[in-house]
Structures are given as C-alpha cells and as structure tokens.
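When the chains are written out, they are named A, B, C and D in that same order, and each has its own residue count from 1.
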Amino acid sequence: MGSLRGQLLPPVLAIAFAALLCTITLLISGANPGSALAAMVGQVGEGTTAVDIVNSASVYYLAALAVAIGFQMNLFNIGVEGQYRLAAVVAAVVGGAVALPTGVHAAFIIVVAALVGAAYAAIPAILKVTRNVHEVISTIMLNAIAAGIIAFMIRDDMFGVLRGNNISTAEIASSGWVPGVPLGGYGTLFGLAFLAVAVGIGYWVLMNRTRFGFELRAAGESPTAATAGGVNAKRMILVSMLLSGGVAGLVAMPELLGRDHTYLMTSPAGYGFTGIAIALLGRNHPAGIAFGALLWAFLDKSAVALDNVGVPKEIVTIMQGSIVLSVVVAYAVVRRFELRAEQRRVGQKLGGAEPAAATAGGAS
Amino acid sequence: MNLVTTSSAEPNPSAGPMTEPAPAPRRRVPGWLSAMLWVAIAITVVSTTSYFTGLPELTSSGTVQTALRLALPIMLAGLGGLWAERAGVINIGLEGMMIMGTWGAAWGGYQWGPWAGMLAAAVFGALGGLVHAVATITFNVNHIVSGVAINLLGAGVTKYLSTLIFAPISQNPRESPAVPKFDTFSVQPLTDWLRSLEDLQRVGISDVAGILRGLLINVSPLTLIAILLVPVSFFVLWRSPFGLRLRSCGENPVAAESLGVNVYRYKYLAVTASGALAGLGGAALVLQHGQPGYLEGQTGGRGFIGLAAMIFGNWRPGGLLGGAALFGYTDGLQLRRGEETVHALLYGAVLFLVALAIFQLIRRRWLPMVIAGASAGLLYALYWYTDELPEQLTPYAPHFLTLIVLAVAAQRLRPPAAIGATYRKGEGG
Amino acid sequence: MTTPTPTGTDAGADPGGGATAVVLSGITKRFPGVVANDNVCLTVRRGEVHALCGENGAGKSTLMKTLYGMQQPDEGTIEINGEQVHFRSPADAIAAGIGMVHQHFMLADNLTVLENVVLGAESAHGIGGRARRRVAELARQTGFDLAPDLLVERLGVADRQRVEILKVLYRGARIVILDEPTAVLVPQEVEDLFASVRAMREQGYTFLFISHKLDEVRAIADSITVIRRGTTVGTADPATVTNRQLAEMMVGTELPSPQTRESVVTDRAVLELRGLTLRAEGDGRELLHDLDLTVRAGEILGIAGVEGNGQTELVETIMGIRRASAGRILLSGKDITRVGTLARREAGIGYVPEDRHRYGLLLTQPLWWNRILGYQTRRPTARRGWLDRAGARQDTERIVRDFDVRTPGIEVAAAALSGGNQQKLIVGRELSGDPVLLIASHPTRGVDVGAQALIWEQIKDARAAGLAVLLISADLDELLGLSDTIKVMLRGRLVAEADPKTVTPEELGAAMTGAAGDRDAKKDGAADHQEPGEGGDR
Amino acid sequence: KDAGRRGSVGGQAAACKLADKPELIPGLIATTTATGERIDGSHLRVGLAFDVGGRGDESFNDAAAAGIDRAKEELGITDVREVTASHQESEDVKQSRLRQLAQDGFNPIIAVGFSYADSLEAVAPEFPNVRFALVDATVEGAPNVTPLLFSEEQGSFLVGVAAAYKSRNCHVGFVGGVETPLIQKFEAGFLQGAKAAAPDIRVDVKYLTSAGDFSGFNDPEKATHSTRGLLDRGADVIYQAAGGSGKGVFAAVDDADGAMAIGVDSDQYKQKNLAAYRDVIITSMLKRVDVGVVDFLRAVAKNDLSAMPDVLNLKENGVDYATSGGKLDDIEDVLEAYKSQIIAGNIEVRDRPGA
C-alpha cells in the first residue's frame, strides 16, 4: 500500500466518521452541531489559539517520538509519562540552582533533562534485559513511583518553593530561558518548537539512513533474524529504551524553558499517554506523527471554544477516542480494498499461466 | 563399512535428545500445592514481621479486609485481561472498560438496585469489550491502538452520559446520586471465635485468626462472586472444551482454524467477556458497602494495575490473584497506617530475601544467592537506620513492591504465543 | 509397527477399487498478484496414495488447503466420494472425513500433546480421561511413543509430525493429506512413515502426498499428478516414470545432481573447533560435548544427524549466537571464541540459517533492506555507520540476477517471495563479500529442484574458489553428494566420520540414530523428560 | 447478614482533659453581607472560570456558584457565562479560557482556584480595564486582579476545638486528599485548634496522595480505608479535606459506632448527596467563597474595591463553622469564645502544620 491515496484517504475518512459520530452525539444531547463546528474552526483564527496549537503540538510531538522509538523496537514504553515528568522536575531544580551564561545554561538544562529521562528509562530496560521483566508492567509501576519522587523533591524542605497555595521549584534565571518567536497578537511560538522539528528530522534520518536505525528496526521486526545478522538484540533494547527516555526527557522543555521557567505542582501530567495515542495515529512515521500532534492539539483547544458556546466539552474526548479508532480502522479497510483491487487487476492481466510474480506487501 | 567411530571411548551417552527447551528432570509441584506453599510462606513472613516489629496491624482482620476490598477491582480487571489475552488479544483498554463499568453500576444500581447495577456494569464493560473486539478482530487494528482509544472513549462517553443523565439528579455532572449497595454477610459464630483468638495477640494463632476473620466478615455477594470467578475462570479456560478452543486461539489461531475452530467467534466471546469482567471490576468500586457511587476518575488507573497483576501472575488466574492480593495488601497497609507499616514491610522483605537466599544456597545457584543476600543486607541497613520512609513515597509502596518482587523472582513469563498477532481467516499458514 | 484401525463408520467399505474419493475440477484461486491455482483438475481414487509434484510455489499447498476448506476457491468444484460439496471451513472438511497434515506444522507450542490432538474434536470424547485413553490407544496402535501431557514445545520435529498424524486419526479421517511430510525426517523415520501409510492404505484410507523428493514419490505413490505454475500439466505412473522425466514435467529442466566435482580440498585450516562445549543455560546439561573439528579451505564438511542432536546449537555457537562454555573456536587461526556475531561475520563467515523465516529474513521489509542484514557495517551496503542505500539496491539487483531470484522487483517485501526464492536470496547474500567460511544449515530444505540445483552450483563454485563450507543437512543425498567429509552428530557429540564416496545412506542413518540396534536407548532418553504431572495449569 | 455498623472505634482511652475555655470577647463578630444597602449590578456581564469539577462539585466551585446565584438575586445580574477547566489541561488552555471571556466582553471575571494564578499573571495585563478576581491566590504586580483569599486555618481551628470537645477517646483524625499547601492549611488549623482545646489530644493525619498526584481528590475507596485505619487506631472524630474522596470518609465514619465526621468547604450536612451520612456530620468548616464572590461583585458594581479585605478571615465571615443538625449546640459558646479570641488577635492560627 504505497500509494498516496492509500496514505491519505484513511485519515480523511476517519475524521469524517468521527465528526459524524460526534454530530449524532451532539444532536442527542440537544446541542447544535453546526455552532459547535463553527466554534471549533473559528477558534483557530482567534487570539493566540493557532500559535497555542502549534506550541502544544510541539510538546506532543516530542512525546509521541519518544513512544515511537520504543515501538520501532517493539517495546511498549508506557513510561514516557514518568520519564518526562521526572526529567522536568530535575531539570527545573538543577536549572534553578546553577548560574551559567545565556545559551549554555539552557543547553545544560536540556542535556540534564535528556539524561534524567534516559536514566529513568534505564530501569525498565535493565530489568527487561537482565531479569526479563515485562516493560509494560515495570513502566506502569515506575510512572506511579515517579509521582512519589516528584512529590518528595518539591517538598518545601527539599527543593520546593511555596507560591501561595501552589508549590514550584526555584525559578530558572533568564539566562536559562529559550526565547520564543513573538508573532504579535498571535502569541509567541516556543523557541523549542524547533527542537521538536529537529528531533523529528533526526529520528527520520536515524531510522532510515543509519546502521543504528537499521539494527533497531531489524531487532524490532525479528529479534531472531537480527541476532543472526549480528545485531545484539539485548543491547538494542537497552539503547532504544535509553533513546526513548532521552527524548521523553525533552518533552517538558518547550514549556519549562519557553514559558513557565519553573516546575509547578499543578504542571499538567498525561503527555506520555497522549504521546502513545499520537504515535499510533502517526504510524510511527515522523510526518504522520506531526499531523497527529497538530490534530490532537487542535481538538484539545477546542474544549475551550466549545465550553464557551455551551456545548459539552466532553465531546472532545469522545472525538479523540473515535478518531484514533477510526483512523486505524480506516487504514485497515483501505488496505484491504486496495488489495482486492490489485487482485482483480492481476487476475485480469494473468489470464494464462504466467509466472506467478508476487507484488504483495510494500516498502514501509 | 566406511564408518569410523570417532568417540569409541565414550559409552553411549545417556542424556536425552538435545532439543533446545530444557527438559528439567525434576518433578513439578502441582499448581494447588505450590499455591498453598506460597500462601504459607507469605503468612509466615508477615506474622514473623508483625511479631518482631510489634505491629499487629500487619495481620489484623481490618487490614485483611481492606486488602481484599482493594484487591477486588484489580483482580477483576486482571481476570478481564486474562480472558482477552488468552485468546490472543492484548487488552490495554481495561481501564476504559472499567470506567464504563463504574458508570453502568451506578446507573443500573440507582434505577433497580445493586443486582441490576452489577449486571449493568458487566453489560457496559462488555460493550467496551465489543468495540475492542470489532476493532482488533474484524478490522485487525493494532491491539494497543484500539486499547488506547477505548480508554479515551470510556472516559469521554461516561463523562458525557453523566452530564446527560446524572447531573439533573445529583446536581453534579461528575458523580451519580447515591446508589443502593449490596448487603454484607459474616460467617457468624466462627468469626466471633476468630475474633477472640485474634484478640489474644499470640504469635501465629492470632495472625492466622486475623487473616481468616478478615476474609470471613462483611462479605458481599459481589465479593463472593468476584472471588469465585477466579476458580471459575480456571475451570472454564483450562478444563473445558470451550476454554481449550479459546486458548488455542491465543496460541496458534491458524492451527485452531485448521481444526475447524471458529476463531473469530471465540475471540469475540473472549474479548467481550474480558470487558464484562473489567466492568464488574468497576462495579466493585461502586456497589460495595460504604461506596458513594460513580465519581469521575475514581478508577485511578486500576485497570492498568490489573493488567500488571495479570502479567505478574504469568497469564494465570492463580498468579494474578497473587499479584492483586500483593498489591491490595500493600496498598491497604499504607492507607491504614502509612509510614510505620510500610517501614515494617522492609523488615518483611528482608525475611523474604533471606529465605530466598537460603533456597538458592540449597540449589547451589550462587549468583542469585549472592544478589538476594546482598539485597537483604541493604534493606536491613535501611530498616535499621531509618524510622519511617518519606511520606511522599509511601503511597507508592505497592508499586515498589511489585517491581522488586518481579525483579527478584525473575519468573519466566510465558505470554500466549499469538498474542497481539493479526489473524485473518483463510490467510494463515 | 502396527496400524490403526479405522475409526470411520464406513470402515473397510471399499478395499480400493475404481470409486473416486476426491475429484477437483476447474479449481482457480487467486491471491493478490498471484494466480496460485489456475483451473486445476485432479482425480484421486479411493484407497490409493496419490502424489502431487511441482516446484515451489506451484500451488500444491494452496490446492490442498482448498480441499481442506481453509481457503475458498474462486472458481471450481469439489466432489468427495461422488458428492459435490462446498466447504466453508475446515470443520466442514473434517466432517466429510478429510484430514490434513500441514507443511508447516499446525501445533500450539504451549499446549500439551493431548490438547493439540483433541482441539476442535472435543465432542468425540471430551477433553478429559476418555480423550486421554483414546489418544493413548491410537498412539499404541501406530507405535507412536508420545506422552499426552507433554508440552508440544518440547517435542522434536519427528514427534511433532506424529502429533499431527494423531490429530488426523483422532478425527476419523478417511482421506489424509500429507503436505511435504518427509522434508524433516531421516531415512529410517521416512521408512516408518511409509510403512504406516502403506498399512493404512490397505485399510482403505486415501492419501494425498506432497514431496519434492522424487525417489520417495515413486516409492510410495500409486499415481502422480504434476502441477506447474498453478495448473495440472499431467499425470504419471510411478512404476514406469523416471526421476528425470518427472523433473522435466515439473520444470522443464534436467534433474540436477549434487555430485561434487574434483576435490579441491587444501590443507589450510579455516575453521577449527578445539574442545568446544556448550551447556544449557538453566540446568547446565551439556548440549555440545568437547567437539573437535577442522574445516579446510576448499572443503565441504557435512554434518549428519537426526534433528535435535546439537546441530542447531553447534551452528549457533560458531556464529556467536550462543556462548561456548568451554573450548575455542579458531577462524583462519584467529581465536574468535569471545567476539560477537557481527565481528565473526566481518571476519568472513557467511551463514545460511535453517529457519529462513525466523533467522534469515525481515519478512515485511523489501529485498534490498534484507540484503543489508548482516552487512550493516560493510560495503557495499554501508559506509561508516551510514547505510548505502544505492549500493544495497545495486547489489541486490546483482543477486537477483545471478541467483535467479524470481521477483517482480527489489522493492517487494521478502514475505512475498516463495520459499525457494527466499532461500536463493539468502544464499546469494551470504556468498557476497567473499566469505572464507560458509555455514549452511539445510540450505535447500523445501526448495524445488530448480532452485536446489542452482544453490548447489553456487556452493560448489565458491568451494572451488577456496571457500570452506560447514554443511548441515537432513537430506542425505545432498550430504553425500556435496561433502568431502561427513561427520555424524549424536547427542551433542561427533560420534562417527564417514567417507561420502563409499558410505550408504542406510549406514549413515544407522549411525545417526546411535549404532544399529541401539534405538531403544533413544526411546529411553525420550521418556526421561516426559513429566507426568505437567498439565496446562502450571 | 450484617446489621448496620461494622465495627466500633478502637482504643480505650478516655475523653480529653480540656483546657480552660477562653473568654468570649463580645461585639467582634461582624456581618459584612448584611449591609442592607441596595446596589444594582444589572449592567455587569460576569465571567466565571471554574476549576476542575465546576458547578456541582459540592466544594469550592459550588460555593463560587452559590455566590453567583446570590449575586444574581441581590444585585440583579443577568448575564453570566460559566466555563470549566478540564483535568490536566495545560497552561495555555487556561489562558485561552480567560482571554476568551475578556475578549467576549465579560467584566468582571472571576477565576476559581489557585491553578489560574500564572494564567492571570499573563492575561490580566493584556486587559487592564477588566477586573479580575482570583480565588485562593494572589498575582503580584497586577492591580486589576483582586485576590479572594480565605484563612482556612482559622475555620479549621474552630472545628478542631469542636473535635476535641466531642472526642470520647481524646483522639481525632484528619484525612487530606492531596498533600498540597492549601490542604495543609486545613490540617494546621485543625491540629492547633484541637491541641488548644485539649493539650493531650492525639491527632492522626493521613493524606491519600502527595503533591502532584491529584487522584487523591477522586478516590473515595482509598479514603474509606484510610479512615478505617484511623478509626481502628482509636480516632473517633475525623475531619476531612479530601474533595471528591470525602464521601469515603463519611462512609467509613458512618460505619463505626460512635464516630463522628466534620465536613469541609460548604455545609455538608445539608448536601443532598450526603443525606445518608447526616447523622455523623457534626459540623463543617465553611469556606465562604460565595461571600467573597458576592462581596467582590458588590464592590465592582459600586466601582469601589478599596473595601475588599486582603484575606477573608473569621472576622469577615470568610470562614466559619456550620451548626446545622444541632450537634454542636452544647459547645457553641465555647466555639464562639475561641472565635472571638481569634478575631481579636489573641490567638494566632498558623497556616503550616508543625511550623
């Protein structure tokens, strides 16, 4: 299924289907789908929403890439959630404690975050490699434990600072900030949105152009064949998990260095789980993930717009769920449809006993 | 004869054929016996700890009751996972199905009483399961994608339904009105006697009495049904033709198909049952004595923990019961008494590790022995030099413990062979 | 060996006269991009052994799966015992008395023998004691020594096949399809199988038999149908037809012979094993015991042995997939015992694994991506950590050309190729980059005669150029024809050495199963690890 | 079948030795709401941004909603838009929400919950002519943001006194949902109040989750078991500040013989969904967000914010204790006496436990 139609048709179908589903739901509850749609579309032009969407998408994009790296290796890293949160806290604490020149400071914080993410991912990786502990179960546990460690760290007798009724880490000096791109009334684009783009490109190059990516994908597809081909599958588990954790460590950086400059008790959690959904939506492809991240961010912001016009905003969650489901269903349906079509074509072409040349399956 | 025997000095080697899996010649302990053994070990460790740390709380009937109540939803979700995954379908959507279950339980319970609530919970969970089945079985969608989507859908749909149906009654879109609960029962004369034993505070006897009493008082029909579902699941899955067919779909669906098994049907049944079980897990958060009803977000990741318990239990009902019990017990301890008891658990862990080290010593497996021994020493030092653990970390004691047990026990987990694989009729082989 | 009594209701009704058991007419089956069966017609008389011959991908398995209800034909009709039938699933076919032993075993590894046998036929005797007694009875009748509660994953290939046959018998099938049943068996086992088949034929069973080994086909079959590129091209009488004629019907080429040309063995040792020992990870049993072995440049050293006697372990230890417990491995004098698989490959070892799907290929990836596997650090497929995609593509084109890989292009996923073509691709890949040593495990298993000849040719050419080859094969003709020296492996030891010019297959077979008359010892060994208490409930 | 109660409060300790009752200082207890002055606010278009949970949460969102409802009645306000935060939303969503309200012409805008603090810090300067109010937090350097702070510790002090007087075991407990500074204020006041009334009293404290893991506000099951733990150890009066988990506290208390519970934020005795537990709710610590909201709207309508207090204390009726159910009738004089002492400044209530 290499055709462009095969790639683009499913998401379109899926979004249409999800929209239909939500329309019905809205009608049942007596809301006006037309005004809901108008509000959702209209919000993009209003105020800073468009830029906010891109900003959020950059965060989601990093989370989804982190998840996707694991997927390439057939590792299900649910732990991105815990990894990014812990990395954010440690980076905020360290960043708030050191004084470094502008630029170096920010770079230092980013490196710390990546290292912490990788280090926390190393735990499930090592447990898997040495003790054969399933990564799903260990990362579920570690996500919860990360919450405890964070709570411990932001205690006001540890590294926390009381801010009224909130707690935060010490504010990072301005030398550690990453300035955004001001777009006037449209808001400010995170400077680290470009980091997300860079990581996406790096991910693509790594997976498709390097020996490392080859070994990773080979080990993900068939650990046995990869081993026979000289790939150390255990090492690949370790490395890909560290890499995944490293990228996970970056997830909170656009917000931390571009807007908040401190980690708050109320800083949102859940990006890791969003990342899973988006990585799946984007089929682990960097461009697909980018599309998924933007769509997700758009839907997220729609909640505000819908709430404003009195439409139940829960519809957004329903929409996100049904889009994920219908996108993948649509891919399956379209793939089967194309296969059928090809079958018919070949059947007509090979009237006689031509050599049976298979053309099924396609390059990824 | 042109054959030159090169190793004539060797007598005929007596070893068996060299196929790769290790055919260990030792006899296997039957399942029920090893389960009893584990239970005995656990009770011994806990009551010894209770004795040495002076905390009767560790084995009090109250703790055990709490553990049971906390373990139930996890266990039911785990059973749900078991049914689906034994048929080859990964079910990460348990959480969403459980949420559907809580809503269904509250709705059915509010309208027609607890039994209807339980039924509604199962039906709502099963609906979630059905969606998962359609996506994964009919459309061959990646199982994890579908599961993630179901978690989102479960949360969204229940929020939406609550706004629609509960809000006008409870004035609160996030919760249901009060729901009638199941009555509870106690095994009367016996529990009174156990109570007197427990109150004696004698080592061993009182511990066992406390544990037994905790299991025998305030039992609701839902608790009973849930516990019974464990052996029922075992017998259905392992001792009935239906179960054999169902499991064969998770091991090698093409082989099953080649023997005339309708793989689709069994997978559908399994995943729907899985949803129903997860839904019951939701009911266990709504219909038990003292529970307020549906509340948005009340499942709090128990579906995931259930999945973890199932993996912990090596895709077996007994094992997952153990996983859920371990989790419920530790969580119960930390909730009831917090820092002190969790600190005492350190002591229990030391005892356990020492036992493990001795066991490895007998089996002459040096590395595991050294690791177990060293960890025991480390934990003991930690126990000795601290009075309590940071309170921020105690709520996560169950998670720590699960992780540590897994890492130490290093069991050889054996998931069903065809788990997560796509299957399409007539295209296999 | 005794024979099973038929369990069908019409037992012995027809001693094998003119009545037809199966008539397939005009069967057409299309897959995306392939017409697997094109208007195939086939008539099988009741009580005969009917052989199907054809190249890889000719459509034999597809035809049989259609007959067995696993695939629905696009066109055509099926008649069983004179009645037209329509099978919607194997359940219908089983009800009509058809059983099939698949080319790729259809067994669930994690279920017990008993469970595998009774699965789908629970209504006959349940899954408990009665079923167990029935299975034991069948096993006794057929002389199969199988513990019903053993997990199938612990069985070797021959035992697995026995389970497959039990499955068929348990269902009381009267028409039995055997798809390449002999590919994994040693001569004695083949003889046992044939004895059973003959005896059952006498009882009125009908067999459809598929094999690439033409001698076997002629030995067992009552009639032969040849399929080429999805259509029936003719029938033959096994009594009169020769291998050459059969082969020509199948492919239109000459029957190849594995006969080696002049010996080109040098005295330069390429691979040396010194006291190589391997212990199992869990319980420390010795899988390989103190092996000494030398393969010289220009030499093909063949290893004979019943599967499961350590050949796999030997190969994997040489490749560095397993770590030797003791002893040394030398490649051209350099000690490689401690280095990893990749380093060994870079040092010049090529590796044709026994299971191409699991160890040889990335099935969903295009051919050129598969070309890189094992060569991800070397030219022409890579350069300093970066993949050389153009180079990989070019070299894949070369392999496709030189090794006659039949494919529409190199962007096709490896899974889309037929087994023979997949194998040619692997052999081509492993002979790239001038290896000094080739480790070839069953290089032509399940491969049709044409591809087989080509692979032999390539191996011989490389040998002539100084390549050392360690050949493991269950195909004794291949072993005898290609090898300069043969060693026999039994229970992790090299127990005998033979000269391929003079030794007979029967002598080899005797050595492989542990000196003649010693077969009881093996049975005892097999009983060792059958653990009675082991149900599915651990 | 089990009949009703399933346990009693453990421990055999006797009732507390009570400290001397302080003197009642008369004339201090004010009533800001009873100004009687008729003010017209019908021209106001009010925007109300709730925290997670929104209207109907039976907690401070609901209290804010009650304030709006009263303001509609008293000030004649008609145009109100209510919007609600979602679980775990990011900062820019909060900002968008406030910005949307401001752009759509709502003025004043009330943000409920301290999680809006940073958002207001960003948004308020963009709309200098809009008056904002922020419940539970202050925003530095934004003159158009009026903080609505409450001294939860003062109210908690009084229910702490009540708990000490009511406890038969001289042992009380506190269940907090999530260990945040805000909830710690409740704990601190309760602790100090109980100790003030009975120096020997034992106070056990349990939080369900730690800062950052907000599931503790939504897990009645965990609350039930934590409460049972406290009861089994002998505590017989339990004060809860656990949001949605609070019901679990009441359920556990209701189960035990002779145990009592204290509600939080609004008068929980009167809440319909808690009717089943009415018997055990002896009082509630009232956090009068409604008073704050009405006062603020009144001030805006008068266009004079100078009278708004920095913190709404006992004095301003910002916090209080509930008397519905009459279970405190016997000790009301004591509580009033403590109240007057606090208002007079003779007792200073700490807002951090153990400080």
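Observations on the structure shown:
By our rule, a residue touches a chain if its C-beta (ideal position, glycine included) is under 8 Å from a C-beta of that chain, and two chains touch if they have at least 3 such contacts.
Bear in mind that the values here come from a model prediction, so they are computed numbers and not experimental data.
By the document's definition of touch, common neighbours of chain A and chain C comprise B. Across A-D and A-B, it is A-B that has more C-beta pairs touching. Distance between chain B and chain D, defined via averaged C-alpha coordinates, is recorded as 39 Å.
Inter-chain centre distance (chain C to chain D, centres taken as mean C-alpha positions): 76 Å. Chain B has its Cα centroid 30 Å from the Cα centroid of chain A. Chain contacts: chain B has residues 301, 392, 395 touching two or more partner chains. Residue numbers of chain C whose C-beta contacts span two or more other chains: none are found.
In chain D, the residues touching two or more other chains are 179, 209-211, 213. Going by the touch rule set out above, the chain pairs that meet are A-B, A-C, A-D, B-C, B-D.
The residues of chain D lying in touch with chain A in their complex are 81, 83-84, 86, 88-93, 95-97, 99-101, 103-104, 114-115, 117-118, 136-138, 179-182, 185, 209-213. By the touch rule above, chain B contacts chain C in their complex via residues 1-7, 10, 12-25, 27-28, 30-31, 234, 238-241, 244-245, 247-248, 251-252, 254-262, 316, 414, 416-417, 425-426, 428-429.
Residue ranges of chain B in contact with chain A, taken from their complex: 92, 131, 135, 139-142, 144-146, 148-157, 159-160, 163-164, 301, 304-305, 307-308, 311-312, 390, 392-393, 395-396, 399-400, 402-403, 406-407, 410, 412-413.
Partner chain B is touched in their complex by these residues of chain C: 61, 65, 68, 70-72, 89-95, 100, 102-104, 106-111, 115-116, 118-123, 126-128, 153-156, 167, 280-283, 285-287, 289, 306, 308-310, 312-313, 487-488, 490-499, 502-503, 507-508, 511, 514-515, 518, 521-522, 525-526, 528-529, 531, 533-538.
On the side of chain A, the complex with chain D involves touching residues 46-49, 52, 55-56, 59, 147-148, 150-152, 154-156, 162-167, 255, 259-260, 264-266, 268-270, 300-301, 303-305, 307-308, 313.
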